[in-house]
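Once you scroll down, you'll see the structures, which are given as structure tokens.
Below are two complexes that have subunit A in common, paired first with subunit B and then with subunit C.
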Partner chain A sequence: MIPFIVRRFVVLLLTLLVVSVLCFALPYLSEADPARSILRARVAELAIDADAVEGLKARYGLDRPLPVQYASWLGNVVRGDFGYSFTNRMPVGDQIGSALRVSATLALTALAIAIIVAFPLGAVAAIRPGGRADNVVTFITQSLVALPEYWLGPLAILVFALHLGWLPSAGWLEPAHVVMPACVLAFRPLAYFTRVARASMLDVLNAPYMTAARSRGLSVARSIVAHGLRNATPPVMTLFGIWLAGLIGGAVVIEVIFAIPGMGRLVYNAVVNHDIPLLQAGVVCIVALAVAINTVADLLYLALNPALRASRHAG
Partner chain B sequence: MPAELRPPMPAGGAAAHGASVVRRFGRALAAWHWWFTLGMSAFAVIAALLILTPWIVPHDPAALDLRLRMAPPGSEHWLGTDHLGRDVLSRLLEGGRFSVSIALMTLILSIGIGTVLGALSARIGGLFDEALMRIVDLLLSFPEVVVALFLIAILGPGYGTLVLALTITGWTPFARVSRGLALEVNARDYIAAAEVLGCRRRFIVLRHVIPNLVRPIAAISFLRFGHKLITVGGLSFLGLGVQPPGSDWGAMLADARPYMERMPLLAIAPGVTIFITALSVTMIGQGLELSVDRRMAARAGRSPAAGRSATDAQAEGGER
Partner chain C sequence: MNHIPTSVARGVLAGAMAGAMALAASIGSAFAAGGKLVIAESFPPTAGWAMESDDPFVLTRVGCLEGLARVDFEGQVIPALATGWEQVSPTEWDFTIREGVKFHNGEALDAVAVAAALNHVLGADAPARSFSPKVVASVAAAGDMTVRITTPSPSVLLPLRLASPNTGILAPAAYAGEQIDPVGTCTGPFRIVEHIPEQALRLERNAEYWGGDVRLEAAEMRFVLDGGVRATQIRTGEAHLSRVIPASAIEALKTVEGVNVITVETARTNGLYLNNARAPFDNVNARRAVQSAIDAAAIAATIYEGSAQPAVGPFAPNEPWAPTGASGAAYDPERAKRLLAEAGIDAGALDLTLLVYTERAELPDLAAVVQAQLQQIGVKAEIRSSNWSGIETDLYAGNFDLFLMSRNHLIDVADPIAFLAADYTCEGGFNISNFCDPAVDALVDEARGTADPSARNALYAQVAVRLQDEAVTVFLVHIESIEAVSEKVQGYRMHPLAHYVLVPELGLAE
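And then the complex of A and B:
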């Protein structure tokens, strides 16, 4: 177990290093002149003069060779200093910190909704595979996957905020602001969770020992709660980890539609404004988080599954 | 299409004897699950419309007519016009060519790259295998939209950028499946038997390995397609996909947002189109699975119950 963890940790660090180089270097390599693009982000193209460009280069250290810039950037990042945004000149670290909190809240709420709905749906479908309930659930999950969130989002705002007035339309101040985006965001993971829950419940409900237990008088409800749920939890939790990593930062469209100051919108704004420090830091943080969540999920899975632990340890 | 994927042909020599082509066709159709039939028909219609667009498009999709802003549907403009007086139907057709072709392109590239890398990884093993699987792990947990945003920031928006971004995150499930299957198939007795019998390596790959890959790869592809379509639309919705005056379903939705109440059709038309296109392809995939299940169940003499295994569903569920 221990060697495996150590190996995973080394891989994790290596991955992060490679990713950080890519995230740092690519935006600079693609721009003919970063200083010019910074100025372009602030003022109109015509107003840029050579003096301003040179001054900016000297101030941000952009005249140094790229590897030197990377080394100093990485050194600062390790100490938690991501530099300053090119556009609003605020510390990038602060912006990312608050955006991460917002996105994590949104993603966790959405995934909680998805899980709460997915288990009952999966169970209903698994009771009689191929039956009417199963077909209906399958059709619902397929439809949810095919629904674009940039269609549902504005529609939900129109109905629930403008017409019914039940919920605020956009923004991020009070708990009520979480409801609508979290529900819209929950649809796709909900569909996948349901599929997985159904499939893993089927695995156990169709097993010969379950037929034996049922013939000895175990009720359907009990078989689902005691055996189906238990069997479906680990695979759904694995998916949960993958989705959590993906939704923190990946919910760009929803965050833009609902004006939520999260990671997705931060990266989107960085792209639109050519704000290189913000882009670098945002992408590095999202990747680091994804890799970390992924590793933790793997280790948890390993800890919960002794059979796998033995085989991974040997291999 | 390999024999694996073909549903059961109803037996009965006498019927086949005098049956007209139409009846035979109807029977072949009935052998498929109705989801497959419905999805296939819907997608065939959409694909035909999109392929024929240059010849059947009623108006120039980019032509402005400010006197005719937000005209209701009529004989001249079947779905009305948008806020700049452009024909909605024409823009739907042109926009579909953009999103659907990107989704198809990335799918083909992903299948090619993924299966080859996965099979190679299984064959070479060692450090290459380890490194590749770590990369797959990383990309699997990585939001596709962020990769796309990053690449757009570097390369600028465009058709090629979108294809590249979606392929970078898209090949991983195929690599995983093909690696797993290649490992599994290589350990099978019939492969050993074929080797003992002196079959050539190429024959074994073509006759035994690839047919085994087709079904799981097809299943993932059908599921991924709708997903890619929606991602392309999302980027266009954000203004980072198709650039004006070009059209895309996502961009049309973004344009329609301020006018949703005055003219709901502007938002309904592209939304429904994305939904139907994505759903039809998912239904093809699901129907295909169910048809095969039914045949296998009929062969094994049990009820067509089992469906796919939990691990299959999980592998697919990880795709955002």
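And then the complex of A and C:
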């Protein structure tokens, strides 16, 4: 286990180093002049004063050679200092911390909803493969995968905020604001989790030892809870990790529709405004989190699956 | 095969659904706006309240920030934190500060505080156009309640500069940190009690407001980026006033009981900019041909779904500097063909480049319509669309024939001189059209030295007529700003420059 953790840690560091170079360099590869973009973001004006551009370049050191800028930036990042946003001049670390909390809340709530619904749906579908329940579940899950969030989000607002009046339409000011975006965001992972849970449970329910257990008097419900859920947990866990990493930085459509100040919107705005420090730090954090979450998911998978643990130990 | 009774499966599903419904129902109906006025705003502050950015516009809208002067709802400049001003020499103006005004933190407003606030704007890395060292040489207290502002050259526009939100006055404490802090440092009818970044500003009445009684007790401005959601929030009752409503939502909102949809023409005109410096548009008849080939009325009705008016020139008809009785060019494709023939131009041989930027969502659609309408007179135009950064270099280098742009003509103060000088004088800093006419330069120069607003406006009108006659730019539509307001809101008026929303007279019916 320990060599595995060490290996993963080394990979994590190397990944971050490569990502840091890419994140630093990418904003400079576009044709846009960062100083002009910053000014445009501040004043929403197309015609930019040439003196102001030069002043801004000098102020932020944008006139220095790129390797010098990278070395300076990396040194600060290692010390935990991401600098200040070019656009709003707030500390980048504070903004990312705040957006990460929002995104983590949204993503975890969505994935919790997905898991809570996926396991029973997967179980219902697995009980009689090809039966009516299975067909209904398959239809639902395939539909959910196909429904785009930019359509589902406004539709949910019309139904639950406008017509039923049950939920607020948008914002992030109170717990109720989490419900609708989290439910909309949950649909696609829910579909994938359900398919995986169904497949895993089918494996268990068809296993010879289950037939033996049933013949000894174990009920269907207990066999699903005791064996089916346990068997379905590791693959769903892996999927959970992948989705969590993806949703933390990738829920930008939902964040814009529901006015949520999360990571996706933060990084998207940083791209639009050419806010290089915010963009660089945002992407580095999203990638670092993705790698870290997947590492933890792999470790959990290892812990939950004795066969895999034994094979690694033997290897 | 193992089976589970169907009833168990149904039970699991029904339980999950019932739980979700119960959760939703238990938290429902707690989101009505309550006893305070709620505004759904499109533009969140993005620049840390930097006074040289557009953030101060948010502060004036919520009734927090005030300046020495203000633009009233008729577009006139009137005193605010100053009681008056006087041009004591061609380059010096004295502003008399209003007595008895206090910042929200209790500190008294005086000349020293005003000078410090204005010098802060002047010293910014990238100063605001309205108040930069190019137009203001110095600001100093010239007595307890007098501030002297010196300009580098004689200027008649200084009071207009002091009416810009960029020149709003905050207490000295606001400038102490890395960022501007407007909490407790404004003078306006509403004080900020909480700023939730990216989400909302919460405000309460300033009971000691110098301007008299403030009707509303409290207000909240919520930042909602999606226009469709802003339109929905007025229907759900979450907002009493939704700003910047998309055209697509107008028809639905007009049918909602208790909601009024109101519009005001903005200082923004969308136009087809022609490269006047190279063939074929160095020929006035070629430019006029394009003017006749474009059906602006159809564009206003379709692309803008009635949220824009066909353009009559650079300025909308209701603006004080628009020529009296101006009308747009008539749509006449046959005339367009005739003009091209008269100019000796073979329409079929033209292969024009039409640049368009994508930051304004409707412009690429507009480009397709323009392309189709030019095709009607036999002119082929290839569209090249990109974000602004992708076309900027070609624009400045003049590597284009046609360019679609949405242009605000009050780019610094409530006066179009900066726009006309930048866009249409020979040495203009944003002369995308590459247009040069000594007569226009002379008119702009004359306006610069004309103190009387009526006389100045007449000069602007002459420039507008010349630009339209010479078809320098094919002005397409004047953009309107659309808002939806609950009937519960009392005393609300749309400000022509969107400077003010929360004003002392605003009320909310129970």
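Going forward, the second predicted complex is superposed on the first by the 297 of 315 C-alpha atoms of A that agree within 3 Å, B and C clash if a C-alpha of one lies under 4 Å from a C-alpha of the other, contacts with A are read in each partner's own complex, and residues count from 1 in each chain.
Quick note on the criterion: contacts are C-beta pairs under 8 Å (C-beta built on N, C-alpha and C of every residue); 3 or more make two chains touch, one makes a residue touch a chain.
What you are looking at is a predicted structure, and each value in this text was computed from that prediction instead of being measured.
*Asks:* For A:V253 in the superposed arrangement: first (subunit B), second (subunit C), both or neither?
*Replies:* In the superposed model, A:V253 contacts subunit B only, not subunit C.
*Asks:* Considering only touches as defined above, state whether A:G130 meets subunit B (first), subunit C (second), both or neither.
*Replies:* first
*Asks:* In the superposed arrangement, does A:R188 touch subunit B (first), subunit C (second), both or neither?
*Replies:* first
*Asks:* Tell me the contact category for A:I242 with respect to subunit B and subunit C: first, second, both or neither.
*Replies:* first
*Asks:* Check the residue A:P154 against both partner chains and state whether it touches subunit B (first), subunit C (second), both, or neither.
*Replies:* Both: A:P154 reaches subunit B and subunit C.
*Asks:* Is A:T87 touching the first partner subunit B, the second partner subunit C, both, or neither of them?
*Replies:* A:T87: touches subunit C, not subunit B.
*Asks:* Considering only touches as defined above, state whether A:L108 meets subunit B (first), subunit C (second), both or neither.
*Replies:* So A:L108 meets neither subunit B nor subunit C here.
*Asks:* Is A:D203 touching the first partner subunit B, the second partner subunit C, both, or neither of them?
*Replies:* first
*Asks:* Which positions of subunit A sit in both the subunit B and the subunit C interface?
*Replies:* 30, 129, 154, 158, 162, 206, 256
*Asks:* Spell out the residues on subunit C that touch subunit A in their complex, using ranges where they run on.
*Replies:* Where subunit C meets subunit A, its residues are 1-4, 6, 8-9, 12-13, 16, 20, 23-25, 27-31, 45-48, 50, 52-54, 125-129, 132, 178-179, 196-200, 222-226, 228-229, 232-233, 235-236, 238, 387-390, 392-393, 405, 407-408, 411, 422-423, 429-430.
*Asks:* Which residues of subunit A touch subunit C in their complex?
*Replies:* 30-33, 36-37, 39-47, 49-50, 52, 55-56, 59, 84-85, 87-90, 98, 116-117, 120-121, 123-124, 127-129, 133, 154, 157-158, 160-162, 164-173, 175-176, 179, 183, 205-206, 210, 214, 220-221, 223-224, 256-259, 261, 265, 269, 273
*Asks:* Using the touch definition up top, name the residues of subunit A that touch subunit B in the complex.
*Replies:* 11, 15, 19, 23, 26-27, 30, 129-130, 138, 142-143, 145-151, 154-155, 158, 162, 188, 192-193, 195-196, 198-200, 202-203, 206, 232, 235, 238-239, 241-243, 245-247, 249-250, 252-253, 256, 264, 267-268, 270-272, 274, 279, 283, 286-287, 290-291, 293-294, 298
*Asks:* Okay, in this complex, where on subunit B does subunit A touch?
*Replies:* The touching residues are 134, 137-138, 140-146, 149-150, 152-155, 223, 226-227, 230, 233-234, 237-240, 250, 253-254, 257, 260-261, 267, 270-271, 274-275, 278-279, 282-283, 286, 303-314, 316-318, 320.
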